Amino acid sequence: MYKAGIAGATGYTGYELITLIHRHPQLEVGWLTSERNAGKRFNQLFSAPWTYPLIPLADAYLRTDEVDVVFLCLPHAESMEAVSRFYAAGVRVIDLSADFRLKDVNVYKRWYGIEHAAPALCAEARYGLCELYRSELSGARLIANPGCYPTSVNLGLYPLAKAGWLEKRVIIDSKSGVTGAGRKTKLIYQFAEANENITPYSVGHRHRHIAEMEQVLGATNGDSHGRGHRFLFTPHLLPVNRGILSTMYVDVPAGVTEAHIRQLYAENYAGEPFIHLLPPGEQASLAHAVGTNRCALSITPADPSQTDGSEYIVTATIDNLIKGASGQAIQNFNIAAGVEETAGLQ
Amino acid sequence: MYKAGIAGATGYTGYELITLIHRHPQLEVGWLTSERNAGKRFNQLFSAPWTYPLIPLADAYLRTDEVDVVFLCLPHAESMEAVSRFYAAGVRVIDLSADFRLKDVNVYKRWYGIEHAAPALCAEARYGLCELYRSELSGARLIANPGCYPTSVNLGLYPLAKAGWLEKRVIIDSKSGVTGAGRKTKLIYQFAEANENITPYSVGHRHRHIAEMEQVLGATNGDSHGRGHRFLFTPHLLPVNRGILSTMYVDVPAGVTEAHIRQLYAENYAGEPFIHLLPPGEQASLAHAVGTNRCALSITPADPSQTDGSEYIVTATIDNLIKGASGQAIQNFNIAAGVEETAGLQ
Amino acid sequence: MYKAGIAGATGYTGYELITLIHRHPQLEVGWLTSERNAGKRFNQLFSAPWTYPLIPLADAYLRTDEVDVVFLCLPHAESMEAVSRFYAAGVRVIDLSADFRLKDVNVYKRWYGIEHAAPALCAEARYGLCELYRSELSGARLIANPGCYPTSVNLGLYPLAKAGWLEKRVIIDSKSGVTGAGRKTKLIYQFAEANENITPYSVGHRHRHIAEMEQVLGATNGDSHGRGHRFLFTPHLLPVNRGILSTMYVDVPAGVTEAHIRQLYAENYAGEPFIHLLPPGEQASLAHAVGTNRCALSITPADPSQTDGSEYIVTATIDNLIKGASGQAIQNFNIAAGVEETAGLQ
Amino acid sequence: MYKAGIAGATGYTGYELITLIHRHPQLEVGWLTSERNAGKRFNQLFSAPWTYPLIPLADAYLRTDEVDVVFLCLPHAESMEAVSRFYAAGVRVIDLSADFRLKDVNVYKRWYGIEHAAPALCAEARYGLCELYRSELSGARLIANPGCYPTSVNLGLYPLAKAGWLEKRVIIDSKSGVTGAGRKTKLIYQFAEANENITPYSVGHRHRHIAEMEQVLGATNGDSHGRGHRFLFTPHLLPVNRGILSTMYVDVPAGVTEAHIRQLYAENYAGEPFIHLLPPGEQASLAHAVGTNRCALSITPADPSQTDGSEYIVTATIDNLIKGASGQAIQNFNIAAGVEETAGLQ
């Protein structure tokens, strides 16, 4: 039985982590931290009967011997120091913030506007997109859990990119449920503003999650005018609690047919327990993914009368709190610790 | 053509007032006030193309000659002074706050916890539940626009109460859309908290709106243990933007049959343009009322095999922002100013 | 490892059963039946990757040796024969229909309008409201899984009724998510009709679920004018997928205080893993229950200034598909088979 | 005062037409037809108090002298004969079906799979996209009301297309509320299926609404491989009642700057009462359009650091039942009849 600490446990990802840990046969909750709510109990903040006490991070640093793994759900920038300290104390660290996702600290600085405080650790960290980097994750001491949008996009396009079949310009129209914004109060996330509505935001090459797409899908240059791919990414706020749908418009080289592409995906994702490759004609919807750790994928030629055309629509859906955050964090723990990969995630 | 000023125009009721004024053949927008957003324009706060400037209340006091009527959408307590000043300046005043709804300033103090600052004006104010007090409202200079919950309850039960057929204990289970809470940010009103949820609140005899039920339906004593009716009122937060459904459980005296009751309601509300009395078997739902100034009413015997039983379920629905606030405010203006009562409200 | 057959597997309760079985450490899916969709695979009907074949009931009768338990999700009336046959074949049977819930076949006939085809088995069946009848359920061969509304009401009021503290008239205002109606197409359940709406239905003493409240809470006479309790039950269709909230208005005898009642509930439900008794001031909402097998309960005096008053509001929430159907079915299986009661339900 | 007949009045567009006619100072309801519900009254089908009788189409043909205009809300194919008969009878006809939208009957046949039954009338019909074809619509006897998706797309892109600034490939990612599918029962439109979900459909060049984009935006060849524009259009079913958001990815020629484009749109839509051109940084959301006859438009460079780049995101929102159907139908009537264009639509 392993014990897990959760730093920054009072957001939606913390709640979801606890839910999943309760279902996990080999993992249990150790301590939970919250700076703002230290001294309270978890059930005072959420509609759950869990009476775990909330401790400050400072106390958690003194109690690293009680846990085998720490999941960090802190805001980016704040995570850097905490990760460093837990890592130094010898526990396994799975960081759900953006701080250790980008290999190049210059890219980090460009997108996040601050110097990275732990560049050496950054090089040490493994990027925890499980299906793509499983072998590197086995035994890993520090894993940067991917962002929610990039998880949907990277799982959706990686086979094409790896095969060299992804043409330069990629248009990604993503839609995300409101929990993606975290558990904070802001007018645009109020029920009467978000309900019966849909709003594009961060329109233009501005959303920080593009950096992870560029890193994974092979752009050789972090900015959008480099030699690599150019991702035109438009996220939308959707009136649902959970789930991301990314509708992706891509071009493939002449000669690549739908059959080739289907074969490519089938091979790449053969045996993957959390990839749900849909048959022709079935489109990935949130219902395929919400409440699960699965990523559902559809591939459709833009012109169905010409299955050797160059334009394709790839759609990918995930639950932003599970495969896009806490579920993948558990999956990363399972891989790193050598536990059955699907444990707690069925 | 009449001109309307709106004080506190940047909440949902202000937005709705402007919408209705735009549809009104004899009313147009004069000035709009906002303390927090003075200097901005309305379209910077809402997704509407209306570029009306927002002025502070202090400026509005100097511009009373530009308007024929002022609608006040200020928080309770803040409204008292503003109403007094606009009233003194000679313009017609329709106050959407709770400050002038209660005739007895002691009752006001008991429920709102503060001394009333303008008790003389309070006596002057007419309670603007149009269908019940139309004759008193004609020509009125100061009208207190009723609360949203009490509008649904009072319209639903007034015929019974007036006829002396409403037994002492009345159980009211109300459900309201989230706009009822105003345009403010609070965790419980965030989309991901309110969506896919329903929550009772202010459970017990605690909601201030009970005071208006007691005043209208004839309780002779403001507290809940007086000689009059005892209203057990439980509001719930519903995952919809707009609309109130009040499900009311009442007893009538022996000998009063369903036919008597239907006859009673038909007579009381004969010719009322905004009362939609439903036939047996059709239940009032939000769909009957949302987007309209109507109140839909259903009356059903608790035991349909005994239409002379004593227990009845009365259901009433309104749009909380229209009949429960801005629509009824316009209706009050129409009655007071002698304009066609349905103008702007069809 | 136990194997489960599911008869009528292509509704929402079937889907939920499969989800829970996948999480259960000692249970796995055997066969699934569907009359209408026999020959297809499960993933052709739902957005899930589960390729289980669907067989007709006739085939399932020949394959009883492959399973240890059969969960029946058939419509009432249709379930009687199927239960009889599976029971006769010696497998454990958990019936989610209404057919075996009522002990008195005359009561069954009065509410459901048909003669019971298996009265002897009806006497044999145990009513599977786990927290109340656990000892009778241990080892049971045939369990009638309770209805969703009655589960919320009976768990909410049983301690009062058992103590003799529940006065005659009980008013129950229940609100249920749309999955409660099953997976069928009907205009009132269409998105654009149910969304942004709430509708009372079956108003008056007409909903069949009252029979289960009368049976459990001790009414000595099935009709609503008997000597026992009189349940005035009004269900409402709520614009959410899942969840039931029952707001119950009850009277207790003079001398019974809030402290007595809290003590009573605490004792009745001490150690119950799925009862979440909320502290004073916290109201049960759907968020307390949805996605879990829990029932959350709140108890509030109608007049909080008088904690020895006689009127109380008891609120209870459950997930209609989990504690109100498939979750409780698994819990019943666990109890009957001697498996850890919370297995698969955490 | 003009009188309107509505053929096929019992869908969502019929309901909306009646609502708008009630607000219109110069238009009132004449007769309503419904084949399936002839003999009933409108209030038996909708939650409205309107007791208009429903007559069969055959009766309406005999009562053309009672109305000045007929709005047809019939399914495509069925509308051809009805339009012909009403037109022949001399009343003004506004057809909300697809039957008279396409100028070229061969294009009609290709997309709808049937021969056009009234090719001569088809040539006679004016395409009622008011802002683009106002002068042709004045006095028109037969107007084909545009489809909902094409209204959003064509208003969004017309200035670019007309200026020759719209490059060949146009990617359109549209999201529509569920009323867009009409008032019919189908599993995918059931609340519990559509809620908390979003689903792409008709993926690939398959949706019939593309024909209207090609016709308006200047594709010289109806199929998607002609010399004209190539529209890659992906509609999605959104969990809201009403509203369409089209997110459009376009390229403009080198040398065309953001300032040029803004100037172009400002000139094209100067003085348009129903076009809401948003300032830089504000994105069109459903909240800008729902409940109104407006189309809100945003224009954003894909790379905001390079306002002379070639990639732009144009977003357009409308209410599918108002500007996308019944509101535009009223606007068309107003223009055709010489009534104030905004009458009934404020």
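Every chain is named by a letter (A, B, C and D) in the order it is written, and numbering of its residues begins at 1.
By definition in this document, contacts are C-beta pairs under 8 Å (C-beta built on N, C-alpha and C of every residue); 3 or more make two chains touch, one makes a residue touch a chain.
Everything numeric here is computed off the predicted structure, so don't read it as measured data.
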Requested in this report: Using mean Cα positions as chain centres, tell me which chain lies farthest from subunit D.
Outcome: C
Query raised in the report: Hey, which pair has more contacts between C-betas, B-C or C-D?
Result: B-C
Query - Separation of subunit A from subunit C, taking each centre as the mean of its C-alpha atoms, in whole Å - result: 37
Requested in this report: Quick one: report the Å distance separating subunit C from subunit D, using the average Cα coordinate of each chain.
Outcome: 47
Query raised in the report: Just how far, in Å, is the C-alpha centre of subunit C from the one of subunit B?
Result: 39
Report summary line: Multi-partner residues in subunit D (2 or more other chains touched) are 177, 193, 195-196, 239-241, 285, 287
Report summary line: In their shared complex, subunit B is touched by residues of subunit C numbered 171, 173, 175, 193, 195-201, 203-206, 224-225, 232, 234, 236, 238-243, 245, 247, 249, 283-287, 290, 298, 300-304, 306, 311, 313, 315
Report summary line: Listed in rising order, the residues of subunit A that touch subunit B in the complex are 12, 177-179, 183, 185-187, 189-196, 239-241
Query raised in the report: Mind pulling up the subunit A residues that touch subunit C in the complex?
Result: 19, 22-23, 25, 47-49, 196, 276, 285, 287-288, 291, 294, 296, 346
